[in-house]
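The following pair of complexes shares a single chain, chain A, combined with chain B in the former and chain C in the latter.
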Partner chain A sequence: MNDNKISTGLKGLDTILMGGYPAACPTLLKGGPGTGKTVFSLGFAHAQLQQGASAVIATCDESPERLVGYMDRFGMAGSQHLASGKLVLLDFRPNLSETVVGEYDLSPILLRISHAVENSDAAILVIDSLQNLLLGLGVTEPRKEILELFDWIREKEVTTLVTMSASLDNQPHSLLEEYAVDCVIHLSQNLDNQLMTRYLRVLKMRGSAHGSNSYPFSLNHRGVSLLPITATRLEDAMELQRISTGIPRIDSMLGDEGYYKGASLMISGRSGSGKTIFASTMLNQVLQQGEKAIYVSFEESEGDLKRNLQSVGIGLSGYLDSGQLLIHSGRAIEMGLEDHLITILNLVENESPQILVLDPVSALMDMGSSRMVKMLMIRFISHIKLAGTTLVLTELLPDASADYSDLAISSLVDTWFKLRQVESNGELNRLINVVKSRGSKTSNQIKEFTIGDSGILLEDPYIGEGEVVVGSARITRIKQEQEEAERKRYELIQIEQALSTLQATYESKQKVLGAEFESERSELMRKITELKRQAGQVLEQRDAMRDARE
Partner chain B sequence: MGRLTKIIDMSSENNPVVEKYKFLLYIDSAKPKSQHAADRLRALCRLHLLENYTLEVVDLQENPTLFEYRRIIAVPTLDIETPASQKHRFVGDLSNSEIFITAAGMMQEATKMAKQAVDIRNKIKPPYKPG
Partner chain C sequence: MAKQIVRLYVLGYTPIAQRAIENLKLLCQQPEFSTVYDTEVINLLDQPSLAEEEKILATPVLIKKLPEPMRRIIGDLSDRERVLVGLDIFTKDSDIRE
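Then we have the complex of A and B:
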């Protein structure tokens, strides 16, 4: 937290303003009717009251009683703070029955405010909303005297939030914006496709950096929610734990271990390809581990979903009753994309589930220009990731599409499954493959699966000879293969027999040859002995002759 | 001015006439525009024969809490409570007296007897010009 900033009480806004509203000087919150100015200012006051500081709210629109009522309803304990004296409400509502009879000074405004701030030792001051302050006097534009108030605020170093209604036409910036305040925040409403979205933009902030984009935000029964951009900084913690998908063969396609905890997964497929069942199987697996889960359905009601999943062996009623599972059903057209995402983020923040299923995310996609949707999805996905929740998105591919993803968010997800239906031999067969999975040894195979009473069952498809064969053709192919193998085995036996015959022949021939060799050899040996003997006789005779001559 | 005609209602005739107007004048003694408000008010009353009143002057510098309680944002502010308990608030230094005189006149009309009221209205025809 920055020293010269004061928390706005809204996490996302603190990030955009890099700490909060500038301390010790006035901030102007400008917005048309219904943009949530009052809620922002109440949130700010609440944040300070929570920390034990005092706050002064000068209300020019609504009665103090109603403001306290709002705070109570938003869970800000307004009446409690009022009773403890920490919260001081100044009633500056215009008195419309006043008659102006000459010139006047506005010194009581400053005096009342300074009196209240000094008496309660308040850290912050809220004025809501400035343009109505002088309405009773028939003045709608802030007068010079109001600037004195801002000078006093700076002099006394009171952090102040002033709200003001924005004119509908693009008037040049008022004196107030250009001179008097140090930070200007614009709130606006945009109507797109008949759906309203609220945006926030920081126009200026003296002496400090700030986020400069238009940020969507949502007003709901809990106050203001901003879709924060923090997570787009890519600072997610590293997660090594793997979670099973609930289908062992899919796990093995993801490198034998399943997906990483907190990953974002997308399942793409045309209608009827089994996306919901796939996502629910993963959800069921997490529920069985005793973890929390949220299922957001844009197509089916809670009851329908329960019944439909029961038919494939996924029973959710028990988990719903125990509160472990939350099913949030709603039509996409109910509200704007930002409101949807913020609602879901709030659910995630409250429940901190281990897994969140959005079925189908494509229902949200035609709710704005594709670029805007992508930007929002980047924020959304990274925010969910930051919360450590596994995100499962299903994407409905149009029937006419060539199985390409229409959403430009495939690069944002960690793991992407593609479900397909292949038509052959008069039947549609289901296939699944892993398009990508970061940080896993993914299988390159296309697997066939069937949906039965016990959910998804993966089969090994026939692979080889160039083409994938599925369904009954696969069974035929397997039969053919078995016959082929049988034939080969028979042939093998025959060859083996031939080989052993050859061996026997060889061996017998070898024996004959050996016998011949032996007889030949002994004959020759005998001849050698005979010749040696005869040679000996000749020598003996020669010796005898020589002896006789002598 | 139109709303001041509401004051003329039948109930005031049945009520016992309350004698006095209550004037409460809130000023800021530090501001020049507040300086002569009380004098001007007295002069106007004198000029238009409005005698039965009480005037109390409250200074912002001395009693800021009262300003909070009465929700005053400008000085001088004049609160009038008529004898028929009708309340009116005027903001400004009474330099634009025409409006004030007309309004005050109509209040008298409502609380005084009709004849007397007509007399006063005849007398206030020429607008009062200060200074």
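Then we have the complex of A and C:
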């Protein structure tokens, strides 16, 4: 904290002003009606009161009672501080029944302020608003009394916040800006697409650097919230812990380990492609680990979401009851984009969940020019990252988009899934692929998944004949293959049978042939023996004849 | 009937304050005024908390609390007629003129 700055009571504004309002001198807060000047000044007073300092608020348009009421409502303990005497309220509302006759001066303003500041030993002074004070008194020119007041503020070194309406931008005010104050902050509200966005800009700050952009801010029941771009420095801590998506096969698509804790993930897909179930599965996984989670839905009410997820086996009621899970439902058109993002950031800041689901983030995208939306999303994602929360965004792709993302934030996210539905053979089949995942060995495959009673189920991939086949075509293909194999097996059996038949035939024929051979041979042998015997008898008879003649 | 008190608050005896005191004195010479009101001059430098109490933003200021309604007149009171009108007192002159 800078020595010559005093905290504004708003974290974001302190960052923009590099410490706070300049100490010991006046700061001018300019803004049209309804831009939140009073809330800023009450926040400032509250921050000082919290630290035990005293504060004097000179109110020129609202009654002191109402101011205290506002503080109480914003949780700033107004009545309590008033009772303790730390908070001094000066009623500077002009009395409109007063008649003016002749010349007068405004020295009582300084008298009352100095009296109150010195009596309460106040560190800070708030004047809300100078405009009304001057107008109520019929003063249109810069009065020397007002300049004297600023001189007195400097001399007494009272840190002062003066608010002034910017609607009447004429001479006295620019003189005040140029001469009397050290810091000028301008508040404005713009209307984009019929939604109002508030902006803050620092016009000047003597002797100090300050953020110079136009910063969106939000006003809600908790006071003021700002999104300064300075918080988007790329200095978030490195996170090595991996978290499972809850679907083992998806984890393995991300290099076997899931995503990095605190990463930002985006799931893109057309209507009905399973984005919500996918995001909820990841959310459920984190809840099962006992960590906190926030689900922001722009499409479904809490009840609808609970019922719809129950049907796919994701039961959230228990987590909701225990406060582990917070579901924040709202239509996108309820408020401006900045308000949405700031509301969500506040939720994250309060709950510090491990995972935040925004379903669908594309609902916010119609709420401004794409450049503006991208700028805000950069801030938003950086903030979430700094908080160490895993961010899961779903993106609804229009049917005419041909599955191309028209959201220019894909470069901001760490991991990007794409869900698709492919039509073939009269059916739609669900496919998922990882478009990118920083720091992981990403699978390049397109996987098919189905949604059943127990959530998302990834099918075995069928890759045959050089192409991936999905759905019933995949089943048909598998059937065909099985039949083919069956047929081959049958054929094999047949051939084997033929072979053994052949063998048997051969063997039996061999036996017959052997028997025939054997009988033929013995017949021939018998004939040989017979003939040999007959031949012997002839020779004997011839010898006997010759012997007889002799 | 007891007279009511009209108070003139000044912040130091500046030239404007002195003019206002002079004009108040002249006012007291008007019977319409002096029969109803007593006057008192208060210097806020002596009693700064009165400025807070009376919620005074500009001086000099002439404050009449009673009878109701309360009337406050800012300035040096240089226009006597307007002061009297401002205090709901109508002189014979103004009645005739109207």
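Here, the second predicted complex is superposed on the first by the 460 of 550 C-alpha atoms of A that agree within 3 Å, B and C clash if a C-alpha of one lies under 4 Å from a C-alpha of the other, contacts with A are read in each partner's own complex, and residues count from 1 in each chain.
As a convention for this text, contacts are C-beta pairs under 8 Å (C-beta built on N, C-alpha and C of every residue); 3 or more make two chains touch, one makes a residue touch a chain.
Predicted, not measured: the structure shown is a model, and the values here were computed from it.
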Check your understanding: Does the chain A-based superposition show chain B and chain C clashing or fitting?
Key -> clash
Exercise for review: Kindly classify A:Leu134 by the partners it touches after superposition: chain B alone (first), chain C alone (second), both, or neither?
Suggested key: first
Exercise for review: Using the touch definition from the top, say if A:His115 reaches chain B (first), chain C (second), both or neither.
Suggested key: both
Exercise for review: Considering only the touch criterion stated at the top, classify A:Leu320 as touching first (chain B), second (chain C), both, or neither.
Suggested key: neither
Check your understanding: Just chain B (first), just chain C (second), both, or neither: which does A:Asp91 touch?
Key -> both
Review point. Touch check for A:Val100: first (chain B), second (chain C), both, or neither?
Key: both
Exercise for review: Using the superposition on chain A described above, determine whether A:Val312 touches chain B (first), chain C (second), both, or neither.
Suggested key: neither
**Study point:** Footprint overlap on chain A, comparing chain B with chain C
**Key:** 90-93, 95, 97-109, 111-112, 115-116, 133, 136-137
Exercise for review: State the interface residues of chain A toward chain B in the complex, per the touch definition above.
Suggested key: 90-93, 95, 97-109, 111-112, 115-116, 133-134, 136-137
**Study point:** Touching residues on chain C, where the partner in the complex is chain A
**Key:** 11-12, 14, 16, 19-20, 23, 44-45, 48-49, 51-52, 55-61, 69-79, 82-83, 86
Point to revise | Contacting residues of chain B [partner chain A, same complex] | key: 3, 26, 28, 30-31, 33-34, 60, 64-65, 67-68, 71-78, 88-97, 99-100, 103
**Study point:** Parts of chain A lying in touch with chain C, wherever the complex brings them together
**Key:** 90-95, 97-109, 111-112, 115-116, 133, 136-137
